[in-house]
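Shown below is the structure under consideration.
For clarity, chains are labelled A, B, C and D in written order, and residue numbers in each chain start from 1.
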Amino acid sequence: MRFRLSYGDCDTVGIAYFAIYYPWMERTYSCWLYDNGIRAGEMTDAFGVYVVGVRSEAEYVRQVRVFDELTCTPELDRIGDSSYRLAFRFRRDDEVVTVGRMAFACRGLDHRKAPVPARLRTLLESLPPHE
Amino acid sequence: MRFRLSYGDCDTVGIAYFAIYYPWMERTYSCWLYDNGIRAGEMTDAFGVYVVGVRSEAEYVRQVRVFDELTCTPELDRIGDSSYRLAFRFRRDDEVVTVGRMAFACRGLDHRKAPVPARLRTLLESLPPHE
Amino acid sequence: MRFRLSYGDCDTVGIAYFAIYYPWMERTYSCWLYDNGIRAGEMTDAFGVYVVGVRSEAEYVRQVRVFDELTCTPELDRIGDSSYRLAFRFRRDDEVVTVGRMAFACRGLDHRKAPVPARLRTLLESLPPHE
Amino acid sequence: MRFRLSYGDCDTVGIAYFAIYYPWMERTYSCWLYDNGIRAGEMTDAFGVYVVGVRSEAEYVRQVRVFDELTCTPELDRIGDSSYRLAFRFRRDDEVVTVGRMAFACRGLDHRKAPVPARLRTLLESLPPHE
């Protein structure tokens, strides 16, 4: 996922607004799943579980400015029985500028913890590991 | 609907970003309907018609800056047999800074033009007329 | 400018939220200027005029859904002595789904109307005409 | 800070989109500072330091739906010599639905760590402590 910052992404001094990374994480995640045949919004139909976001975060390493071009790469940060966490590296050229994370939990239709579906697990494990 | 502009609403020179008015129009419209007992997203269930947005626009009259406090007031701009258009006046104190519009069309479940439902029409006609 | 809709772009029924087109227009416009050596936010320094947005609008022709892939192409809609208007065609494959417009006016440092700077005019006239 | 969720805040199943909390945190923080006489974007002029965001996060406790009315309350999570962290509780009635955090670091004009300015420190310490 590659994008160039524009004025709508930046605050009054031309620095990227801290919140813009979150929709890019979601876009990277959802489009990556989609490109691999999974629609994030339809996992209940596909797998009989639903996946809820339980946490998101971003660590700002370098300031980023209007017209900087960034890439966002998903990595597998952690996978457990019924939950997983992705990391997202935002880079300007080779320099990491921001590191984001999104943590998800799988629930059955009874709202209890449910195992990560096998097909999703396989796909997640194909990501480069974080760190 | 009253709100104070913050940094996320403003561009690199501290002027309100041109696109921020649109979500405020939708919020004003949807919350006004909701406060009057209509959920914009559930008109198909309630009335047997669905309402699609066909056009939106904004005219920028005065520049608006970070921490300015604005109000947004809905007005009825035009109502026809199967469509209607709302205007939204954004004011800073008594001064109009931006005028927005959203136009909607009613469709039946067969996707053809359908009359504006009577209850919605009555409600729309209770708004102050535009101009 | 090419992008795929994701969940953050869509409303509760999976249709693209009406307001998302505006930041994409600005991104398309600003990045097109930037790729041609002009920073939209620095025209005062470059040309001795500043350019203000006076109007924006969008006409929704077709409904667009999550994961649809859209392109946005800028066109010259109108150019006058001291103002210009761009159109933006959003297409899904070859089908136009939304048409946006942004109108701008040039002002001198005395806040009066000023001519469109020659270099900007030449660049604008290099765009395909609208319609 | 009180607001009602509208369609633009929600994803395809009517649940609040995970990223919407971040601009509300910033709005709550910046407006709280502003109401107390400090403009977040002008601390360099006021105090001779600048304040950078180093981290943000949100923990999602309860799902929130379109038209839910939320409040956002700032709390002091931690304050050190040259940095501080705020927590933001989002509540629906009395129920906490989301807990956010934003961490900031103070830098001098030489870009080195600088003490939290006394006036800002006093103000931060007037917030209710987190937990």
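In the analysis below, contacts are C-beta pairs under 8 Å (C-beta built on N, C-alpha and C of every residue); 3 or more make two chains touch, one makes a residue touch a chain.
Here the structure is a predicted model, which means the values were calculated and not measured.
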### Query
Is the number of contacting C-beta pairs greater for B-D or for A-B?
B-D
### Task
Determine, using the mean of C-alpha atoms as each chain's centre, which chain is farthest from chain D.
C
### Query
Taking each chain's centre as the mean of its CA atoms, how far is chain A from chain B in angstrom?
33
### Query
Between chain B and chain C, what is the gap in Å from one C-alpha centre to the other?
22
#### Entry: Intercentroid distance (Cα basis), chain D paired with chain B, Å
29
#### Entry: Per-residue multi-chain contacts in chain C, two or more chains
7-8, 11-14, 17, 19, 23, 26, 41, 66
### Query
Where on chain A does chain D make contact in their complex?
11-13, 17-19, 22-23, 26, 41, 52-60, 63, 102
### Query
Touching chain C in the complex: which residues of chain A?
4, 6-8, 14, 23, 26-27, 30-31, 34, 39-41, 66-67
### Query
Can you name the residues of chain D that touch chain C in the complex?
7-8, 10-14, 17, 19, 66
